[in-house]
Amino acid sequence: MMNGMDRTFYMDYAATTPVDPRVTEAMLPYLTEHFGNPNSLYTLGRDGYRALEAARERMASGIGAQPTEFVFTGCGTESDNEAVVCISQMVAERKNRRHLMVSAFEHHAVLHPAEWLAKNGFELTVLKPRKDGIIHAEDLQAVLREDTALVSVMAANNEIGTIQPLKDLADATHAVGAYFHTDAVQALGKIPFDVADLGVDAASFSAHKIYGPKGVGGLYLKKGTPFRPLLMGGGQEMKRRSGTQNVAGAVAFAKALELMLDEQDQEAVRLSALRDRIVDGVLNGIVNTRLNGGPPKLPGYANLIMLGCEGEAMLLQLDNKGIAVSTGSACSSGSLEPSHVLLSIGCPAEEAHGSLRVTLGRFTTDEDVDYFLEVLPPIVARLRSMNPLYERMYGAVK
Amino acid sequence: MMNGMDRTFYMDYAATTPVDPRVTEAMLPYLTEHFGNPNSLYTLGRDGYRALEAARERMASGIGAQPTEFVFTGCGTESDNEAVVCISQMVAERKNRRHLMVSAFEHHAVLHPAEWLAKNGFELTVLKPRKDGIIHAEDLQAVLREDTALVSVMAANNEIGTIQPLKDLADATHAVGAYFHTDAVQALGKIPFDVADLGVDAASFSAHKIYGPKGVGGLYLKKGTPFRPLLMGGGQEMKRRSGTQNVAGAVAFAKALELMLDEQDQEAVRLSALRDRIVDGVLNGIVNTRLNGGPPKLPGYANLIMLGCEGEAMLLQLDNKGIAVSTGSACSSGSLEPSHVLLSIGCPAEEAHGSLRVTLGRFTTDEDVDYFLEVLPPIVARLRSMNPLYERMYGAVK
Amino acid sequence: MYSEKVMEHFNNPRNVGVIENADGVGEVGNPVCGDVMKITIKVDGTDHIQDVKFQTLGCGAAIATSSIVTEMARGMTVQDAAKISKQQVADELGGLPPAKMHCSVLATDGLKVAVDDYLVKHGREPIAGPIKSSDPHFDPHAEEDEEHTHEEACDL
Amino acid sequence: MYSEKVMEHFNNPRNVGVIENADGVGEVGNPVCGDVMKITIKVDGTDHIQDVKFQTLGCGAAIATSSIVTEMARGMTVQDAAKISKQQVADELGGLPPAKMHCSVLATDGLKVAVDDYLVKHGREPIAGPIKSSDPHFDPHAEEDEEHTHEEACDL
């Protein structure tokens, strides 16, 4: 390992996750022995088809949908693009509604397609969450219009982990006759998520956030939701997404979801407790620190600000110690603006640059948390001591 | 195995391929140990990034391109859609050219996006190949126009295996100032394919046709080719294809291509010889049979017609004997029309229903061919004896 | 895709062949769409089908539905045989994929045409009347809309 | 991403601190964009930089460029120090990612401002003149086009 540590203290589960060994085991036979094209008629193809359809059933039942309502895609981003672009365009065509509403802290996989539509015949409203990191139904109601085609609000935010009141938002959306999509990439498997209970019309998922492989996504499309395929071709996936299906990936995704659901309750408790230890440890142990967003939040998610520190520098210093976290600092992304999520909840840019996102997961232990809480304070102190403005802005470094 | 055979005699390598064990071995560490998000800044992420970029370099050098010209995608279908839709739309926007030309025997992943564009502001010419299964440059010249934006002709056809004269076609296309895309999904790794030599502007690839995993594609985009991303979001892949990259898939694809190139010359000889044995065996051993398309053809590809037999019935009977092949019969696809590829080369529908596509590959042996040639004739004889029209149309069954 | 019973009938079709000097002959379908079925029946003095044989060019479902319809028809009166519906055929086989339901139409149509042939030959009124798929000039694509046809195919 | 030398300077920055009673002080950058650098220099009677120290709030590249620029400047005349270019800084570090080139601008700007401060304090003509990033009201986003900024980010 480059950082010279025996092991990595991985605390960036919101960015991606390792494939669980049980998932690898489930998927491997579909790469090798059962490699048939699921669209082929012979035995080998039918084996693949059955595995694919069994995976679809498990995905669908895991989110409270019918199997025919669940489409496998090539990633969460693809699902988001399909939902935002294709539903909107079909609603526009059929119902002459050309207004879109997305929240300001959506993932770029929703924001950018929405902005693209805004340049291609749609009107776009971008709704800011409140300071708590929540889109409130009454705020949504205030911007909905008679000609709203689609509303897209994520189930839980990827940077601050805040859980959105989807049912209320979907109800408000339906009240004006619009469709409701949610990016559930972060929420899936971590909190109860049932499309029927929530009343959403479309939802996006991604396997690599729940211990499945990268490059496998899912799209829930409620029966009757206007849609056109974004990827056109062989007509696979009930004509909604062409391309030879990634059978191994689908099997892996279904297995990954099954494990998430089996372990959801106990993991929610365990990860919330670990997260709380991190949050308390930082807020009590280091002066001039803050917590962003929520409650309610995904278990294991914490977004913290170390005033007077720059995020990338913290991240790299932590990496030297084998700890992997992420930051909303501009520098980390090569752009000049810090995280649009943090800005959207009213966090000033100079504070956002000092944010650390710590997201815990299946393989995080108590010892990892101890280690993090031991390693972080001297890093923060050192960086603050190098900051020419620190004393002027926040007082002496302790 | 459902067919009760000890093993499968797989002869449908054009449909998909098993992942080569050497490829599985190369990709596995990127699912588990090196699972980092390649966009993350810490060591684990940088490891993923390096693996991804090394894979990109190997893909690019394997096709004679620069690394910055190669984009990893989610499948061959996605690449085709991106090339056809996004290049065309950008050329239209920038140069006000709104005419498209695709060959009639393109894969549906090219045909359907082209037809979609034809309903959305473009004019579409669909050019038939000649009886030999080739698009001749002079035929293309005759339909090119001043306002042609994009020409798309596949490098080799997936059903009849015919290899297209890409260089001449690209030259003719460039002569009118249009861009040239080729679907090289079937050709990649099987015959020399160098984008610089051929002068193509864009090319599509898919890993699962060359012993890599399903759900991994590639898109070559020559520097300067007008393009907009189809999948918008995080801005990965040099802003041309958003979505967390499938690092394991990219590594697998690069390894798969490396193996194809290493073994290309000897495999071309070996598979051509095996294919010729099949073709000779069928044409000489069974009356009223025909061969479709070519030369030139991909090594290992044969498309044969057994007059008076229906393809799905043959396919299922062969499957009973453990042999996996495909057919251009309508019945196999649930549609009423037989293969659009066979129709496009002037094969009458009633003959196309009797087609078998036999495509050999890395794990095909001499014994497989012997076995096929032993098993096929009695199946053909039996089905013909059940055909009420056979004697009337073709004479007594032998 | 296919039920076990479909595969069983496809692999071991019953009553394959042609009855010489049959009392009724029905031929339906068109090689252009890849499905042709010929059915021959032997009928006794009480209008009961004593023997029935078929020949079919077509896919697994076409052969299986032909086979089962001959089993169903044997021993029935021609009147009852002409009433066998495509759904009954499909049900008897443990179901058919939706895209293959037209195959059971072919099988029941063939039987209907054979029954009518028998009746007309004996100077009696036909039961089913003209059957589209028995017209050799029948265009199988006439009623299909392009869109549908295109979207069904999954080329590999 | 970063070269080994960048990481080495980031992990072990040289000349961190503030020179008391410095002859020249430069402070550039803005916490709104997350980069602030302060450089203090001690200059001898022959315009040579005897000592130089820095403090930086910023990313790995910001800290590494600050560190290396102090090493480069030490012993130089103020005239030569003011001429150090962003490319020289980047080259000295074994290259910088394109998105991080602005960090070496910060480092060279800081040094220029410190040199000018020294010169002006001694009643001499400044060399560099006004430096944008030293204006506390400098808006770092003013010149960026929106499109660019958006496309850079890769949220995970």
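When the chains are written out, they are named A, B, C and D in that same order, and each has its own residue count from 1.
Heads up, the rule we're going with is that a contact is a pair of C-beta atoms (placed from the backbone, for glycine too) under 8 Å apart; a residue touches a chain by one contact, two chains touch by 3 or more.
All values derive from a computational prediction rather than experimental measurement.
Visitor: Which chain pair shares more contacting C-beta pairs: A-C, or B-C?
Guide: B-C
Visitor: If you take the mean of the Cα atoms for each chain, which one ends up farthest from subunit A?
Guide: If we average the C-alpha coordinates per chain, C ends up farthest from subunit A.
Visitor: On a C-alpha centroid basis, what's the spacing between subunit B and subunit C, in Å?
Guide: 37
Visitor: Taking the mean of the CA coordinates per chain, how far is subunit C from subunit D in Å?
Guide: Centre-to-centre distance between subunit C and subunit D: 87 Å.
Visitor: How big is the gap, in whole Å, between where the Cα atoms of subunit A centre and where those of subunit C centre?
Guide: Distance between chain centres, rounded to whole Å: 54 Å.
Visitor: Multi-chain contacts only, two chains or more: what residues does subunit C have there?
Guide: 152-156
Visitor: Scan subunit B for residues touching two or more other chains and write them down.
Guide: 12, 15-16, 37, 39-41, 46, 107-108, 112, 234-235, 244, 312, 316, 326, 332
Visitor: What does subunit C use to touch subunit B in their complex?
Guide: Per the touch definition, subunit C meets subunit B at residues 7, 10-11, 13, 16, 18, 27, 31-38, 55-63, 97, 99-100, 140-141, 144, 149-150, 152-156.
Visitor: Okay, in this complex, where on subunit B does subunit C touch?
Guide: Listed in rising order, the residues are 12, 14-16, 107-108, 112, 158-159, 308-313, 316-317, 320, 326, 329-341, 348-350, 353, 383, 386-390, 393.
Visitor: Flag every residue of subunit C that touches subunit A in the complex, lowest number first.
Guide: 1, 151-156
Visitor: Give the list of subunit A residues in touch with subunit C in this complex.
Guide: 37, 39-41, 46, 49, 234-236, 239, 244
Visitor: Touching residues of subunit B toward subunit A in the complex: what are they?
Guide: Residue list for subunit B touching subunit A: 1-3, 8, 10, 12, 15-19, 21, 24, 28, 31-33, 35-37, 39-47, 73-78, 80-81, 107-110, 112-113, 116, 206, 208, 213-216, 230-235, 242-249, 312, 315-316, 318-319, 323-326, 332.
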